[in-house]
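Given below, in the form of structure tokens, are the structures.
You will see subunit A twice below: alongside subunit B first, and alongside subunit C after that.
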Partner chain A sequence: MSTPAAVVNVGADLLADAVADQAVPVTRVDWRPPMEGTETDLATVAADPRRAAANARALAAVLEVTATLVDVAPASELLGLEKGQFLHAGPPVEWERASGPLRGALMGGAALEGLVDDPEDAVALFEADTSVSLEPCHHRSAVGPMAGVVTPSMWLWVLEDAATGRRTFCSLNEGLGKVLRYGAYGPEVLTRLRWMGDVLGPLLQSAVRTVRDGAGPIDVTGILTQMLQMGDEAHNRNRAGTLMLLRDLSPAMVTTGFETGDVSEALRFIGGNDHFFLNLAMPACKLALDAARGIDGSTMVVAMARNGTDFGIQVAGTGDEWFTGPAQLADGLFLGDYGPDDANPDIGDSAITETAGIGGFAMATAPAIVRFVGGSVPDALATTRRMHEITLGENPRWSVPILEFQGTPTGIDVTKVCRTGILPQINTGMAGKKAGVGQVGAGLVTPPAEIFPKALTRLAELSRDFRRSSRDL
Partner chain B sequence: MSTPAAVVNVGADLLADAVADQAVPVTRVDWRPPMEGTETDLATVAADPRRAAANARALAAVLEVTATLVDVAPASELLGLEKGQFLHAGPPVEWERASGPLRGALMGGAALEGLVDDPEDAVALFEADTSVSLEPCHHRSAVGPMAGVVTPSMWLWVLEDAATGRRTFCSLNEGLGKVLRYGAYGPEVLTRLRWMGDVLGPLLQSAVRTVRDGAGPIDVTGILTQMLQMGDEAHNRNRAGTLMLLRDLSPAMVTTGFETGDVSEALRFIGGNDHFFLNLAMPACKLALDAARGIDGSTMVVAMARNGTDFGIQVAGTGDEWFTGPAQLADGLFLGDYGPDDANPDIGDSAITETAGIGGFAMATAPAIVRFVGGSVPDALATTRRMHEITLGENPRWSVPILEFQGTPTGIDVTKVCRTGILPQINTGMAGKKAGVGQVGAGLVTPPAEIFPKALTRLAELSRDFRRSSRDL
Partner chain C sequence: MTQTHVELRRGAYADSVTLLQVSRTVQGIAGVAAAQVAMATALNVEVLTEMGFDVPAEATPNDMVVAVRLAEDGSLDAALAGVERALAESTQRRASGATEEAAPRTTAAAFRRAPEGVALVSVPGANAFVEAMDAVESGHDVMVFSDNVPVEQEVRLKEAAAERGLLVMGPDCGTAVVGGLGLGFANVVEPGPVGIVAASGTGCQQVLALLDRAGVGVTHALGVGGRDLSAEVGGLATREALRRLDADAGVELVVVISKPPAPEVEAEVRDAAASLGTPVELALLGAGHPDLTQATEAVLSRLGREVPSWPVVGSAGAPSGGRYLRGLFVGGTMASEARIVATGLLGDDAGHTFVDFGDDAYTTGRAHPMIDPTLRLEHLHRAAEDPDTAVLLLDVVLGHGAEPDPAAALAPALSGVRPPVVVSVVGTAADPQGLDRQVRALAEAGAEVHLSNAGATRRAVELIGHLS
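This part shows the complex of A and B:
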């Protein structure tokens, strides 16, 4: 074998860095062609005089937010949600186009609210579309994992940005397997949800308020900092986060005056569900990203969300508009006898974690995640490094020890995605495609590529409008 | 700069592997000279016909043990320890040669047991040496972190090997800073120890027995498996372990019938001390290693322990003999205004974790540890890889995700240490050298090199005896 004149490295930066550290000459070849047909829009947006400052402002706004846990209360109280109103994950969708797991969760939700006795009877209710209405969680400052169905009687976590008082909301996590958010609606699902409403919600409310009014509210952003040093990427691994929440709430749970049997059961329920903290990670991420909404000229993504049919993104510089395309099938590992044919396309608001720079973006810090979502350990490291190529900056509060404490890649830039063709990497659960089935697996998925050029086109239009109106002044 | 003809790699295998994967020619230079004067003994022991099988048996014995948490009770009950009897960390030592932190802990322990009112008065007691006695924890199937002082009234964790019923013991962890095990003995130290004896011990006993008799005893070996996937190396990082213990005990703690105020305080005490689980990790490691004691012909280390003056090891093939040398000063990070001049030499039984393949041996899985003990992230990776060079095998139950789930390096081989000159790497806390000070920092340390040739010499003697007696038969 001949001696190489130099090391040529495409993509795998860990090697390149290691070699560079040793003073071996390295040629980095990270040029990739832009997405087809985006050249003109890219040029327009690149020339927008507002862009650099707007993106700097958007990123800074996200990084400034500290999410604190201030309350737990029913959705009816917090959001004024009324009987017959249903929130769901992702961009807007009607019953006709709703996927199996979303339909299943809506049917279960209708039974939980007493609109029907048998969840199966809810199909007619939603088809008639007279007494019920669907609305995205995101339109109510909320996020919901998987189907993301929220009904008036469900208790929600309340997160608050200490500096501004802005709030976001998320339901309590039910566990894995046969659960409403994966589209299951059997009796055990409803029994669990009723216990969560009757016991868990009020107990957590009491504990959260005791902690808030005593030592001060729990710093959810700070727990996320610790999680990233403990093998959680905070989307499909929330084990350390769940344990730290339990540590912070359990002393107050004991002194609420609730029956010790109920307290013990609640501790066991939370401790038995490694995903319990996901429903705090998600609204913490939304709280941060919402700080960047409505910044004209910014090309930063502020939401990625899926309803099981469509994948949608929202961008800081384009207001409340959704740019959507078909949700993709995840590639991953399946539970029991389930296989790819059983899986529904990508669903849930949980991609808000990747939008904020964790989840799939922080896989390097959670190498054990590959046992849950598939892939290899070097893939996990490479993924985080690749995500730095499409993001505006790093989060100094959320760092990855194994990458020598580099901050997580934060602030997906529509122009960088279009210019490199690199799509955001999402770790996700997989729901069964038939209503009622529940979870079938977990895996890796990306958004449909076309939504980024769509958003870019709109950014280019707005940029031209801006420059026209500037000239007219 | 000229183009290198090839990459020459000494030691840093991560780079070598990465380069080798890319088919760049790599010359590995990992030959090192044996420790001076060990050539003859190495040859003798290498030729021992029992060695390979004995070491295989020793390693297998260690790997077979599952440590379960079966009880909590006072040392007087469990070990028959009587007033005036003191256990301590490390090999045997007398008051005259005892270091400051060990003396401080003994003085506090004497006050705790009511032998004196003022800890300072205990100096005369220990100098007189008539009513008191010192004995290593290891001689009573126990281990103690830092000074490791155990007195009759202290409550101990009881770990049991399910297969054999063998047991090991360790005290309850007091937290960091001004605590007895670091040699502090002020009123706050004694007040905390009395609360631990009056409230925490009995409460944990009740919870541990409830769990044991219900779902079955907590699998401490299994928690260690999870910890290694959560950034703990289980010596100086036990955060995830502590949280999992809390998760597993808290539901039972609530239903013990103790005052809710006491339960709440206990939950807060445990949750506020990230090192609480260390005192379960240590006896779990001892329980595993004790399975390999007394295997003739085996060159595997079964204990490394320090009393603040001497560092001692015990070896599977040499019975209960200690091979000792002067304890070294750790290199690390200091608390507050403390510096190297304030530190006592290495102290504690906690190096039992490294002996079992975790702690410093598993630093690769806990890159965040470098913020506590010093060093860099690449050092942490390199340390684990280096420890594979002096160990007999890997632990399939304790794996390191970032090293693609390679098992931890397990079973320190005296011959490999002597042949390579590579010393075991230990992560450790640092005690103040003056009695009463408490913790001053944390850092990295190795055993004194000469104890391995000492052990080797004894192994060679025993080997010659064996071959002589074999010929005589």
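This part shows the complex of A and C:
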């Protein structure tokens, strides 16, 4: 035992001063009381003998996954989705509680599937609730941006973890503006979706399979590594990722035998949609996070998702239970004449990117968009650093050059959120609150604070059960 | 017409020591009759209510209360400006030396940034376990200064540390010296042949002070917390501390300072001690056991060192009235040692009192009396005026962490009081407060100043004897 090289002081400053007076360096923790009412549960969970190892295992499981692009096919084939079955973003919700943009997307989806001719007529269909059913994407290994509506005829990306064969799914991105995922369902929206089903989906399927069977499937995790060094944070900026995907797919697209006019239109569509890669980033994040599901004792968040009404999280150590609270309004910039009164509360499964440590968590690497979401470059650096306070570790593959290539903050720890009161920072688009409007802006949002103490309470209950049962043995 | 102002600041936070200093600064502003800036804990709300402030019912422990009562000529703006200034000064100090990176918010985050060193935890007791576990789980020794930590949390923390070969000093550990670095309330000592394991903070400081006087240095003094040798905790930290000291080539003799352990734990500790290559001296505190001064003398004899005569400066006269010995202490072990020594000589239930102002009952929501002397000074004033008081017996504890100049407030309070005053000043020659200067100031105020607390107590008892 020798003289300590340094001291970490948490508590009275005076004791830190006494150490500093002895010429030993002191790190002063900026300690503040935890979220109200969490002290007992925090102590219970901290005492859980499984926690440290479970969290280490959960983090390692996430970091081990490499997501590869292996196929594109209709949801009916991949998920067995049948007419009348609708997937949506976020935790479970019924039509009565569904927000405007989710209703709009469901109405458009019903028209796309031929359940009604006019999307407006779908309202009665959903109100009757006899021939339709709603289910979260997350319950089917899928994720969907914004409203996240998936119907049987929609084509989905298929991502696979080569090591385990596990798969996740996500729809193809429609572009910005008046699009189904923002709740728009006008004729131009449906026309685009039909083209995506008739032309884009089959073309991509052919190209993806050609690449997969030739040089090997595209490494989506690897593209994420590169795009994070090219100014994308993979939630609100996917420009570099989209172009890299296009680079990898376009040679195969032109040799598919599809009409050159269709190929040209597909290439133009992808190249003109800076968010096209988002729908690959999201399932790649989910594929990684799903590896940590069901690890008893782990306090790591494995999903954050919003349905426009509720914000929900799932945690590695609490099975498939959702902990929900009211979705918040984003703070940011509005398109055109839209203002805060036009915006719907937070919606979409895209917060899976933040759950995996990118998006808002990697804001420092995307200075180009900080003003778009209403911030400054110093804010962006501070945000990424702040997220390290509530995460279990860093992702060595996804690094941020401006922070000396520090890995992205990975594995949100429920206990750390409750201890610090620091909420996960999410970059997001804003949908209009009225069905049919579409996107009205983009900005920054956080989950409702109360869902973390809720999850903590459950973790504490399970921890007490565990100790009781291990005593009984 | 006086004016009362109470405001709630949602989500604002500063630690209790800082707020105490802020409150004191604001109380000193001209035109302010009373002021208290505090977190709205149940105890603080009670204190505020007693002061006549009406705290809004919606206040939670996470809110800061600013309460000010103005004198007739007082200005609320000036008072509130004073609050802002005092709060800003307290945070400025924290910010100085910081890089552009914000300070870490948890112990885990701090160690992730710089994975070296030990943790020093002094957050409120209900929160201490979580921070200490951060240190242990990231492979660091930890000292837990906080008190009011539930015993089951202490056990879990020490089990987790034992699994990893780490040392938990505490909870309720006031003093440690690790390789010369003082943590908490600690005296400046030379390196030397003695290694200490202490379940008592001020008990450890008394031994450090006496050894220093005898010219014997200390390699490490490892605190383990007052409950470590209880049946529940089972000496988990004591065993690790013994192992560490045994492994240190510089340690020739280990001293264990503790209240008498639970019998089954005592047997285990004696076994553990017997298995070491280094001899172990058990200094157990309690009736029928040697006091700390005698224990230190035994250590010196065992090391073959000369036992010096313990210094006494000044001289207390015979009491002029009253019947009782009034002991007012800042050190918990100083208070209990004085009680044991005095009742051994005067008998139980003789009406003499030995108050420990560092006891939980006095410190919840308030700084320790070794940092803030206000509460003891109030009681001292009352005891000195009380015609029943025959002799006043006090302690002053020096070292890192303690107030910078205790005699500055205590000497004037002692000057001219009727009862004779005996004080033990527990400190080493190199302590930042200046041992000689403190002793001189108190002696000049009329007190008789001892280095040995047991010696001071015997002297006070002797003075009581002059009454009959």
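Before moving on, here are some points about what is shown:
One rule holds for everything that comes next: the second predicted complex is superposed on the first by the 444 of 473 C-alpha atoms of A that agree within 3 Å, B and C clash if a C-alpha of one lies under 4 Å from a C-alpha of the other, contacts with A are read in each partner's own complex, and residues count from 1 in each chain.
To be clear about the criterion, a contact is a pair of C-beta atoms (placed from the backbone, for glycine too) under 8 Å apart; a residue touches a chain by one contact, two chains touch by 3 or more.
Model, not experiment: these values are computed from the prediction.
Once chain A of one complex is fitted onto chain A of the other, the partner contacts of A:229 are limited to subunit B, with no touch recorded for subunit C. Of the two partner chains, subunit B is the only one touched by A:402; subunit C is not. When both complexes are overlaid on chain A, the residue A:113 reaches neither subunit B nor subunit C. Contact with subunit C, but none with subunit B, is seen for A:386 once the two complexes are overlaid on the shared chain. In the superposition on chain A, A:41 makes contact with neither subunit B nor subunit C.
When the two complexes are overlaid on their common chain A, residue A:367 makes contact with subunit B while staying clear of subunit C.
In the superposed model, A:416 makes contact with subunit C only, not with subunit B. When the two complexes are superposed on chain A, the residues of subunit A that touch both subunit B and subunit C are 1, 3-7, 14-15, 18-19, 22, 24-25. Residues 1, 3-7, 14-15, 18-19, 21-25, 226, 229-232, 239-240, 243-244, 246-248, 250-252, 254-255, 260-261, 263-265, 267-268, 271, 367-368, 370, 376-378, 401-402, 404-405 of subunit B are the ones touching subunit A in the complex.
Chain contact summary for the complex, subunit A toward subunit C: residues 1-16, 18-19, 21-22, 24-25, 27-34, 36, 39-40, 42-43, 46-47, 49, 52, 382, 385-386, 388-389, 415-416, 419-420, 422.
Across the interface of their complex, subunit A is touched by residues 13, 15-18, 39, 60-62, 90, 93-94, 101-114, 116-124, 126-127, 129-131, 133, 135, 137, 140-141, 145-146, 150, 152-153, 156, 160, 178-184, 186, 220, 244-245, 247-248, 371, 400-401, 432 of subunit C.
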